[in-house]
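This structure is in structure tokens; I'll ask about it shortly.
Letters A, B, C and D name the chains as they come in the text, with residue numbers starting at 1 for each one.
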Amino acid sequence: MVIVMEKGATQAQIDHVCDRIREMGYDVHPIVGVERTVIGAIGDERGKAKLQALRSTPGVENVIPILKPFKLASRELVQRRTTVRVGELEIGNQQFVVMAGPCSVENRPQIMTTARAVKRAGAVILRGGAFKPRTSPYSFQGLEEEGLKLLQEAKEETGLAIVTEVMAPHDVELVARYADILQVGARNMQNFSLLKQLGQVPKPVLLKRGLANTLEELLLSAEYILSQGNPQVILCERGIRTIERYTRNTLDLSAVPLLRELTHLPVVVDPSHGTGVRSLILPMAKAAVAAGADGLLIEVHPNPEEAFSDGDQSLLLEQFEQLMRVIRPYVELEGRQL
Amino acid sequence: MVIVMEKGATQAQIDHVCDRIREMGYDVHPIVGVERTVIGAIGDERGKAKLQALRSTPGVENVIPILKPFKLASRELVQRRTTVRVGELEIGNQQFVVMAGPCSVENRPQIMTTARAVKRAGAVILRGGAFKPRTSPYSFQGLEEEGLKLLQEAKEETGLAIVTEVMAPHDVELVARYADILQVGARNMQNFSLLKQLGQVPKPVLLKRGLANTLEELLLSAEYILSQGNPQVILCERGIRTIERYTRNTLDLSAVPLLRELTHLPVVVDPSHGTGVRSLILPMAKAAVAAGADGLLIEVHPNPEEAFSDGDQSLLLEQFEQLMRVIRPYVELEGRQL
Amino acid sequence: MVIVMEKGATQAQIDHVCDRIREMGYDVHPIVGVERTVIGAIGDERGKAKLQALRSTPGVENVIPILKPFKLASRELVQRRTTVRVGELEIGNQQFVVMAGPCSVENRPQIMTTARAVKRAGAVILRGGAFKPRTSPYSFQGLEEEGLKLLQEAKEETGLAIVTEVMAPHDVELVARYADILQVGARNMQNFSLLKQLGQVPKPVLLKRGLANTLEELLLSAEYILSQGNPQVILCERGIRTIERYTRNTLDLSAVPLLRELTHLPVVVDPSHGTGVRSLILPMAKAAVAAGADGLLIEVHPNPEEAFSDGDQSLLLEQFEQLMRVIRPYVELEGRQL
Amino acid sequence: MVIVMEKGATQAQIDHVCDRIREMGYDVHPIVGVERTVIGAIGDERGKAKLQALRSTPGVENVIPILKPFKLASRELVQRRTTVRVGELEIGNQQFVVMAGPCSVENRPQIMTTARAVKRAGAVILRGGAFKPRTSPYSFQGLEEEGLKLLQEAKEETGLAIVTEVMAPHDVELVARYADILQVGARNMQNFSLLKQLGQVPKPVLLKRGLANTLEELLLSAEYILSQGNPQVILCERGIRTIERYTRNTLDLSAVPLLRELTHLPVVVDPSHGTGVRSLILPMAKAAVAAGADGLLIEVHPNPEEAFSDGDQSLLLEQFEQLMRVIRPYVELEGRQL
């Protein structure tokens, strides 16, 4: 349920409504807007009808049920688009945000070379994995804290913000010390222990869609983070498993406009994992811009043939520069800046 | 195998090579280019090595194996892009071709109103089903020949070319009398009897990808048509079945750049069936343009709520006009005209 | 709608109800049972409420809506299980029916050797393709009528009934001259022109589930055949496309008990196509018996390594004999005979 | 690589080979058999050829590459079937093991009633979730440690062993104090941090296949546990996401014989999640037995309509008793006991 307060409702009235909601056994999520405050009452679906009684409480304009299974993520609750701040950046706003970098942080020269190149080409966030979820236990598992330190070095030199993956609840604190945005990988989209932990961190979370998860499930996973108190969630479409074989995944670009209808959260696209094929990244990056994405996540490596992971889908430094040049006019057609 | 003739090869030399290929038990597919002729030798994979002997035949520059299972559709055989001519139109060329109209032809006012409106908005081809493949036998099955006649009337008045579906080999001749382009629906992509019949018709064929078919299978179905002698095939991405539930299908836009790598045939996109959701058609149309498509297939209906089929995914006339306005600058960015 | 007649309803009363239904614009499908007659009124969903008026017609006990989109195939309409007769065989009854033979009819020795061996091992129906739907136009396409004649020869010598595929409406008459059961392949499950043609043939039809079709769609395809007047439809589960890679398809055995709930039609299982892996056929045949199937369709070849098609999933003759021995006690546990 | 020692190899020879393998940078996994010892050398694929040099070391009979990406789980390495011991039980042996109980532990009467009933019917292991992975944060999340204590009470009274899910690395120690078998749910199949933690616990792990994961990925996830030193892994097929809609998942029974070819680990089947439909559980349980499974995981609830989770797919107590009666002769046909 959403309790919509009147325009001139006083703080005392708002507090009173919040108290009443808690008494009825629901969690309270007030959203203070420029014009008015709305209050989300979140909890067990059964017996929610009793919240309707708040209609006659002073200062209350309306009580509206939220029909979607996700509530805090829903546009029924929050109609304005959410922007996620990372330093001076605002993701989900006029700026089209490009995050680029290698799949894995491998060593200092690799990450520094890449960071300088993607910065020069116009990226504003550096991606790079220090903790790597790998299908096989015998594959390279990441440099862990050493990798985080290399990312920090790259950040200090270039000014790029850092997005990097966290795989386990007990690593959240460590990763949050270094990262500006904490990434949840596709395989962990329904790792609910991890999501709950991330709901308690004062840092933005980039939540990737799972290999075979619906958009409703993606939004319910976002809801885990939001309902724990962290409102800074960025959604990422990165392809789903289908019957096609030439590509590693099938990039579902219709997720972009659909998520923009369903939720107020920003949406970015990862055409590198979404296709798994280097030559498809540029056209799919253009298409993602035209579909209305708020940004891109791109794998870039100075020497893809020797990459520890995902070499086949990493752009060379000059290919990434070309991508940035090519997408610019499409970004502008969308009324945004790169 | 492809036999590449020298630049100055004479007709007699070409004929001699063709004869030798036939003697060895293969079909001959000569492709006469501006600069030189190449000859495809098509047939059983086993024993193809013997064709290498043609290397020493006068006029032959090279003999190259085609590694893909599809041959005539392959860019290994034909490197220039194929353009399919429909009257003065050239699909697969500089012009970005929009085909629009109702799912089903329902009656004269419906088809005439739609034809005039889509023509005015900039479409060049009218779509509309007279033979309808419906999941249930109790759903509207189409007006059949009466529908074809209404399409012809619309063509005569507006000058729009006609694309319409054919479902059975025994209807090919009838449909070909009225249609400029014969459409094979997704459910018939592997109806090989139909494909063989269409290979013998002097009309272009629009071949839609099946619900759960790979791009390799799509190209092998095209190969059925090409190998029967009809070189005018247009491929159409229209979404595949996946785990997502909000959309009717998942539109696989990566198919567009991938098909452009694999084949010389033109590729168009159907965002109406590809999403099944009216509000997603415009953003996905833009994305299809940006992904490099040669054209679009769009469902338009003057009154979608009363449509006999697919009302949920049909644009209103004014929504279609808006779509045409919105995609124009994207088409121009791609170096094409609408 | 189903109109249930009273126990003692007269033929005149039944005829009157049928006339009334036709007047209201619906097709009539009377089902004469031992105790009473029920009449299906089939047609456009809209306006069906008016059929309720028949409640007060003499001889009518009740008028019941059928909620499923499929009607004639539904257990709501026909509660007794349908048995399909093939000569003295009754598919869908106490006998567990095994259909076996090669993927393709290749030549006389191959089909005769196989027919004798599968007969000896206990099969009652010989399978073998004369018209072959192949993904590539360059693969072996079948011996066509010559193949049908070889099947007939095998039938004459062994007494086995024949099931063989028909791919196009214009071949139905030809194939029906030779076959006891006409098979619709997975790729043609939604070839509605073919289904309508098969609805007018006085021969049983074996309808295979499509690669990516739901059971509801399978039953609606059966409905195409039933609603044209042919009540003899056998359904076949043969695996669907999924994310698994070790197997060619994923055999959905839950389809068997589910179809037995939804429909009165017999259900057989094809573990050869369902897995595509020889070593999995025996265990999956046992599992199909235990899941409640009415029969099996098994590929057998005297020399799988030299088979023109599907060698990897064909059993050797002695492997088929072993399969028959191994499944027998499971068939008996199910209260059936082999 | 597997280093196969000679029959009479001495411990000193074995130790020497192990030292040599470690010097070359590989992990050592000795498997001591009745007749001889084989030693797995596990690590980076690149440069493995140098291990071939061990061929000439005293006591070594052969050095064999393991071609599958999974090594310790592979039948190439371990040809005898592994049995996992739980008290006096041996999973993967002659006994067919049934694990039954509610989806969630809800309260004392519910779990005690269920435990007594499933024990009486012949189950040997009690299942019940205390930590529940739920798609929505607003669904019941489990009783956590209180639930574990209730399971322990049920164990003390009935003698049933306990299998229960663990969702996070930091809960492994807690859950391991109460559980006899730790379950990894489908959504956590690729939660590699959790798997690594479970590799260090002296308790068996029941690893469920993910919603859209291949069997190769399942075995690589098992490999995470095995390679950390815990050899007691039980695999569980529980259905995958497909295009079918009537069932919650598609139970892939071909996984059972396929896993028996690929791995030496025991395989059980969960027809409750695998179908999500109560009436399908009994036939699919029979089919699982016939496919060669080592056991079943069945949801049972005294009052499914009021279950906190998964009521639709829970058997009533008497339905479970019936299932046990019905599967018994099938189990015996497989040469096992219930």
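Going forward, a residue touches a chain if its C-beta (ideal position, glycine included) is under 8 Å from a C-beta of that chain, and two chains touch if they have at least 3 such contacts.
Model, not experiment: these values are computed from the prediction.
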item: Option in B-D, C-D or A-C whose residue-number contact pairs overlap A-B by over half; value: C-D
item: Chain pair with the higher count of C-beta pairs in contact (A-D, C-D); value: C-D
item: Remotest chain, subunit C as reference, centres from CA atoms; value: A
item: Intercentroid distance (Cα basis), subunit D paired with subunit B, Å; value: 49
item: Subunit A and subunit D, separation of their C-alpha mean positions in angstrom; value: 34
item: Chain centre separation in whole Å, for subunit D relative to subunit C (CA means); value: 38
item: Numbers and ranges of subunit C residues touching at least 2 other chains; value: 212-213, 241, 243
item: Subunit A to subunit C touching residues, read off their complex; value: 212, 241, 243
item: Sites on subunit A touched by subunit B in the complex; value: 212-216, 240-247, 250-258, 261-262, 274-275, 277, 279-280, 283-284, 286-292, 329-330, 333
item: Contacting residues of subunit C [partner subunit B, same complex]; value: 42-45, 69-71, 133-138, 167-171, 187-188, 190-194, 196, 211-213, 217, 220, 223-224, 227, 241
